[in-house]
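A quick write-up on the structure given underneath.
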């Protein structure tokens, strides 16, 4: 019973929050609603016994991601109302509703497939984090490492795009201009 | 060297073309003529070495290319292809020799040499894919020739030419892939070799579809009604040399392919489609002849006349007997010579007046008697005057088809009437009457260079008209084997009946000869 | 009332659809990125639920990696956003139409 | 003998090629002389061959070389000199020689002198091939060859619009007939297996009559074209635009008789199909009358003679059609002599009158051109069939044949025509040489032709007079090959009545012509007299409106249809090709805006694509899940 | 309690990991070098990248040897998968990358190449693609895909001009949506089978007899949508022309080959078993995709005014053409896919390189975009060699024999023919004819139009404005390979077929 109440409550809350996120014209509201939605989602994780995931959700999303977004928003000065020219709303809502309705139509049916053996079963007595750790560092070691590379890529990309001198474009400069820039750089370095 | 003479014939011009980039612009024409002459001499040597008594393939070459997919570099000539190869070599030579000062003569000659490679390749390939390679490749130099040196609508014309034929041949390619697949199914081995395919007897229902697929490719190339509309544009816009090669050789690819592929591969389908194709041919003959009559541009007249004559060739091919097919092969050569010459002749006047409208001329026989004479000879050849080259082919084609259908032959025979109508009226408009235009009064007659190109054509026209045997003999031998093959392969009763059993005929023929 | 897997799947679908609405509707690049986060989060709920109901950890793994991916995407996305903003002073999609046809 | 055969055959070719060498140079007298000599050589050889045949020698048959051989078909260049061909050779070479000689004078001032001889000799060569060939294909070579030369010679003065028009008309009209001839040849080949006369004809005996009938009809249609039989006759009158020697040689003596020659040559075929023969005879009789009627009122000297030629060809076909092949050939020969003479005489007159052709503008020329007048009068007498000139013997034989065969309608038609012939011939002679000297009104000073021309013409004159005497010898020779159908009337009396009656009838016609045109004043018709406004006169003057009908109902529609088809070619056939190409291009052009460049739209497309896939999936998934139920429902509905 | 885990090193089969590790190490090394001493010339990094790629290639050869000996190899807890598809696609990826990297040595200076990070990201990207193709675990595929994509977005943006940012943003945003689709699709399959490994999914689905066909289809829809995005299948293609236009020509050429082959391999793994299980829906949808993509892309390419954009649409069309292989799903068709893509790689890279060497910085008035058709007017007059090379590339793309792509094309059509897809074969063939038009259009401009005045004056300099020996070498290689491809088809075909066949496809 508790589970049901919690499910419906958080379901309502997440849906509401995300609805606000996609519809509000105030960027700040959107950001706040998104963060709230993320937190509510972590609640599902806890309900479902995925404690580790819940923790990660809160840390990564509400911590890191939201902080970054907030930073970005300050950068863009989005305290003003966001003006968006909307085309045919009917198409947007229609398509999304259609997608939802159709998927739901199929998802409401129970899965009748049998032999649903768990390949990486949860172990009695071990905490969720422990279990996750075990699987993560054996089976999913490689994806984990690749994810690390991915984060490195993201980092380098972020640095290159936001950090380096992208405002001066060698691509657009003629050879002479580029040479001047080089000379300046050399002076700075030397 | 004789073992590889076909490869040499194919790739010598290409190599020379590549080397041609190094030649100085002023010396280019001399270079082109010499290369083309060597090539022509080689082709004559091929003829000389050709054994007239063998009806099958000679000078075969076999080199694995993609053996796992059954694609091999196989070459060979028989009596059917031999003369078209020689004709291709000959016309390239004539064409280069008669080139009047064009811009970018270097590019032109290199392109022509490449074109020559593709032409000879098509006629000597014995592998479906190799054939297709050269077939397609021949479009490119022609595209360039029409598009770069043509008239005001040249780009439209060249692109139309390219795309139309390209689209058709792609359908043919699918047909070839099917053929190879059927061969694979039958034998477990992939093969695109035409001689392998000859051994395959297909059920009639398959034959019909495959025939149709090949037909699209060939018919556009020929070009058969109603796929012919690219041709007037191509000819109308092309420079003289382009029209000459196009009419003399490139169109023959389609008709040649009918004999090389459609007939022996699909004998039952050939019989099945004989009447429809004959009707199309007759439409080609009469309809285009009438359209030709309505033209105002003399080159268009010749262009439409080409379509009309191709109708006779197709008709002869689908006579499905030795007389008709031999006739159609001979007519291919004949039409090559005659229409090539006519286009050259149109080029002569175009060079002088930069117009091809017949209304601009009139009374040219007064100022350019030699020109008028040569034009007259070629015109008479074109309308099928006996003792000219065209007559032999036309006579045999019609004679052959007469065995299949009397009424249709009668209708097709209207060719000789309508042909005379448009040709004579065009000739009259251009050459007869008083000189009305002031510009025409002082036109120089044909010069030496033009004569060098035209005289051999006149001589061939008459020589082969009087004594076609050196050409007709080898053609006949090979055609007999094709017809025999068709007869043996035919499955339906009707096909067996329609396609004569040559081995029986041969005896009676020798008997006939003895009787004389 | 028992809450089954289907409930979670339906919830996930609804959230996903909301994300789609955002994706299609938002013309502000930043807010558009928000919508992409919603998409991924919606899927995560389903993964966790399946994992729970099947007693299998793979789902949680997937969700974990999805979070990682979402984070990396964010970094690159913001980088692009900043570069664009520096050049143009806005982040409106409708101004981003120099290439078309 | 083979050598003579080759000489006879190739001397004209050599002559032609020799002359052709000089086509682009100014007039060279020696070209004409050399050409004439070479043709004369051919004549000489023919004579030797004739004497060989006459002397009972074997038929000379040579096979020079293979022409076409493929499959079952074997066509050599084979030549045969037998009784029929040697007769033809004689006619051809003799008339040719004379015309060549004559032409030296006639074409004296023409700058195309050399070219003329090239064409003329080429014609002789073609004609020789035609008559000497031993197979149908060779015949066809000559057949087309004479057509070509006729084209070149009719249009010899190519600066004249009418001349070139007439040349083309002749060529094209002949081509129509040639098509039928070609079909006939195909029929022969596929039914007998050969085109050689000596194989094909014997093989025909075993064929079924309907095939033979078709064969006969098609070959005869071919003959109709060359011999200008109705309805393919209009070209002959128009062909008179050519130089007069050409008319004499080609359009009177030789080429036009090729059709007759073909029928004679194919006698074995036509003997098997008497119905076709009767048709030929009937058509011949009709043409005889038809052409003669047009000659009655015509105002063009050459055209009158041309119509008379046409009429005489009708006679020949009557004979040939009735199976009297030797009579036809005999008339052909006799006709060649006097008609060539008539034409050459007309040429002299034309020269004298500076190319004036209207006899109404002449008159009284006898004083100026005595020899010409004599020759033309004698030729006319021969044409009219007055005893003892050539025409009498040949024409009389035809009449007899028709009578004996009991084809009385044909008989009466050609008898009546004989009267008409006499009338128009002498109408012409009278108007030209007698009566007032009307030419003076036009300021022309006529003069007699060169002497050598007249001398050249004299053999024809002699032959026109004496040819009848050769009938016996000829008959003996020719029946070696052709069926020996001698026509004897049952009673001597009938014969005499007929002969004398005919002679009287003809003589009356001549006298009427003289009375009307020589002894009473002739006024130049100006369209006012009552006769000129009569329906019949107009009908005849306009050649029964047949040329008009051809122009209106064949030529014009052909032009219009051609133009229309060209439009169809461009606007339907080509346009549909371009249309298909344009469909792709236009679709691309119209849908490229789908790529608006707006990211939002792009995302919408992605979602839309997914939704589309989803809806397909749902439909399919539901269908799969409830397939059982659906099937039940469908079966309940009886589907 | 959890028991300790014992893993032996041999069971990990680290050889399966070697090819991916090498570029990662290389990338790290480049980053480190840059940190130690900045401002080094790009040539260093180019050569280093090539060396590492060569090592990578060597490792691949090694892996190929293992595969031919032992068959399919699983490694590192069965996450890594070395089979024929993985090896073939990695060969293509690495080889194309080796061809691409020297294109950085341009005559003119471009922004991205001045950063060592460019080369590091490039190598990371290659590693990402390699992971993507060498696994059947949906997680690793996803992570690999994202690694590669994120790097790619950055590489595009680093060209540093308005259009390239726009391109990167568009690509990125749509990529994010596609990632959402991908995860959703994976989720559905996970819900169905409890597994995220493709072969297990296949086994379980087959065992259950596809009872939950609705679920399966939803999963397929989303996965298909995400891969359709990667493969630029209409209507998921909209990013392609814009991104190609926005990025440098060299990068556009690269993008038309490498990401797509990676996506094709995954698509093949994912959809092949469904096709073979007679999921009719998928067959219908793929059929529609193939036909629509080929035809529509061709029609749009017809109306382009910029060569690069035209080539973008043309590569969409080629992707649609190759997609047919997945639809047909026989060994022959899958081999044809690889054969085609190998041949396509150097042809297409060659043609984009031709654009690359003619890249100008300042556009003259008659040119609205970098490579508008007008730019190539009368090229034959001013720089004939370049024109002929370009023409041959175009003819090869059009499928004109005997140039490279023709052979791929006939093998592909033949595979359709042998599987009874006659109509498809015809559509494929006729689409080549439509495609012929726009390739010919460029040839028309180059060979048949008159050159623009300024180009005559500077003697066609602009067509080789950006050329260096390195670029010319690459083009030289590409053109020789394109012309003489027919000599290599037979061994290539045997090689590809045996690899595909032994992987069970």
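Chains here go by letter, A, B, C, D and E, matching the order in which they are written, and residues are numbered from 1 within each.
The definition used in the following text is that a residue touches a chain if its C-beta (ideal position, glycine included) is under 8 Å from a C-beta of that chain, and two chains touch if they have at least 3 such contacts.
As the structure is a computational prediction, the values presented were derived from the model and not from experiment.
*Asks:* For chain A and chain C, which third chains touch each of them?
*Replies:* Touching chain A and chain C alike, sorted by label: D, E.
*Asks:* Just to be sure I understand the contacts, which chains border both chain E and chain C?
*Replies:* Joint contacts, listed by label: A, D.
*Asks:* Please identify which chain has its centre, taken as the mean of its CA atoms, farthest from the centre of chain A.
*Replies:* D
*Asks:* Which chain's mean C-alpha position is nearest the mean C-alpha position of the whole protein set?
*Replies:* Smallest centre-to-centre distance to the global C-alpha mean: chain B.
*Asks:* If you tally contacting C-beta pairs, which pair wins, B-E or C-D?
*Replies:* Looking at contacts between chains, B-E has the larger number.
*Asks:* Go ahead and note the Å separation of the Cα centroids belonging to chain A and chain D.
*Replies:* Inter-chain centre distance comes to 98 Å.
*Asks:* Can you give the whole-Å distance between the Cα centres of chain A and chain E?
*Replies:* About 28 Å, centre to centre.
*Asks:* Go ahead and note the Å separation of the Cα centroids belonging to chain A and chain B.
*Replies:* Roughly 69 Å separates the two chain centres.
*Asks:* Could you grab the centroid distance between chain D and chain E? Build each centroid from C-alpha atoms only and quote it in angstrom.
*Replies:* Between these chains, centre-to-centre, one finds 76 Å.
*Asks:* Can you pull out the residues of chain D that are in contact with at least two other chains?
*Replies:* Answer for chain D, listing residues that touch two or more other chains: 581, 592, 595, 597, 599-600, 603-604, 607-608, 610, 614, 617-618, 621.
*Asks:* Indicate the residues of chain B shared as contacts by at least two other chains.
*Replies:* Correct list: 163.
*Asks:* In chain C, which residues are in touch with two or more of the other chains?
*Replies:* Within chain C, residues 5, 9, 16, 19-20, 23-24, 26-27, 33, 54, 56, 58, 61, 65, 68-69, 72-73, 76, 79-81, 83, 87, 94, 96, 98-101 contact more than one other chain.
*Asks:* Please list each pair of chains that are touching.
*Replies:* Chains touch in the following pairs: A-C, A-D, A-E, B-D, B-E, C-D, C-E, D-E.
*Asks:* Considering the complex alone, what residue numbers of chain C touch chain D?
*Replies:* Answer in residue numbers: 20, 23-24, 26-27, 93-94, 96-101.
*Asks:* Sort out for me which residues of chain B touch chain D in the complex.
*Replies:* 160, 163-164, 225-230, 232, 287, 290-291, 293-295, 321-323, 326-327, 363, 365-366, 369-370, 373, 380, 383, 385-387, 391-392, 395-396, 398-400, 402-403, 406, 409-410, 413-414, 416-417, 420-421, 424-425, 428, 431-434, 466-469, 472-473, 475-476, 479-480, 502, 505, 508-509, 512-513, 515-516
*Asks:* What residues on chain D touch chain C, complex-wise?
*Replies:* Touch residues, chain D against chain C: 592-593, 595-600, 603-604, 607.
*Asks:* Contact residues on chain C for chain A in the complex?
*Replies:* 1-11, 13-22, 24-28, 30-31, 33-35, 37-38, 41, 44-45, 48-49, 51-52, 54-58, 60-61, 63-65, 67-76, 78-83, 85-87, 91-92, 94
*Asks:* Across the complex, what residues on chain A touch chain C?
*Replies:* 1, 3-4, 7, 11, 14-15, 18-19, 21-23, 27, 30-31, 34, 37-38, 41, 44-45, 48-50, 52-53, 56-57, 60-61, 64-65, 68-69, 72-73, 75-76, 78, 82, 84-86, 89, 91-93, 95-97, 99-100, 103-104, 107-111, 116, 118-122, 128, 131-132, 135-136, 139-140, 143, 147, 150-151, 153-155, 157-158, 160-162, 166-167
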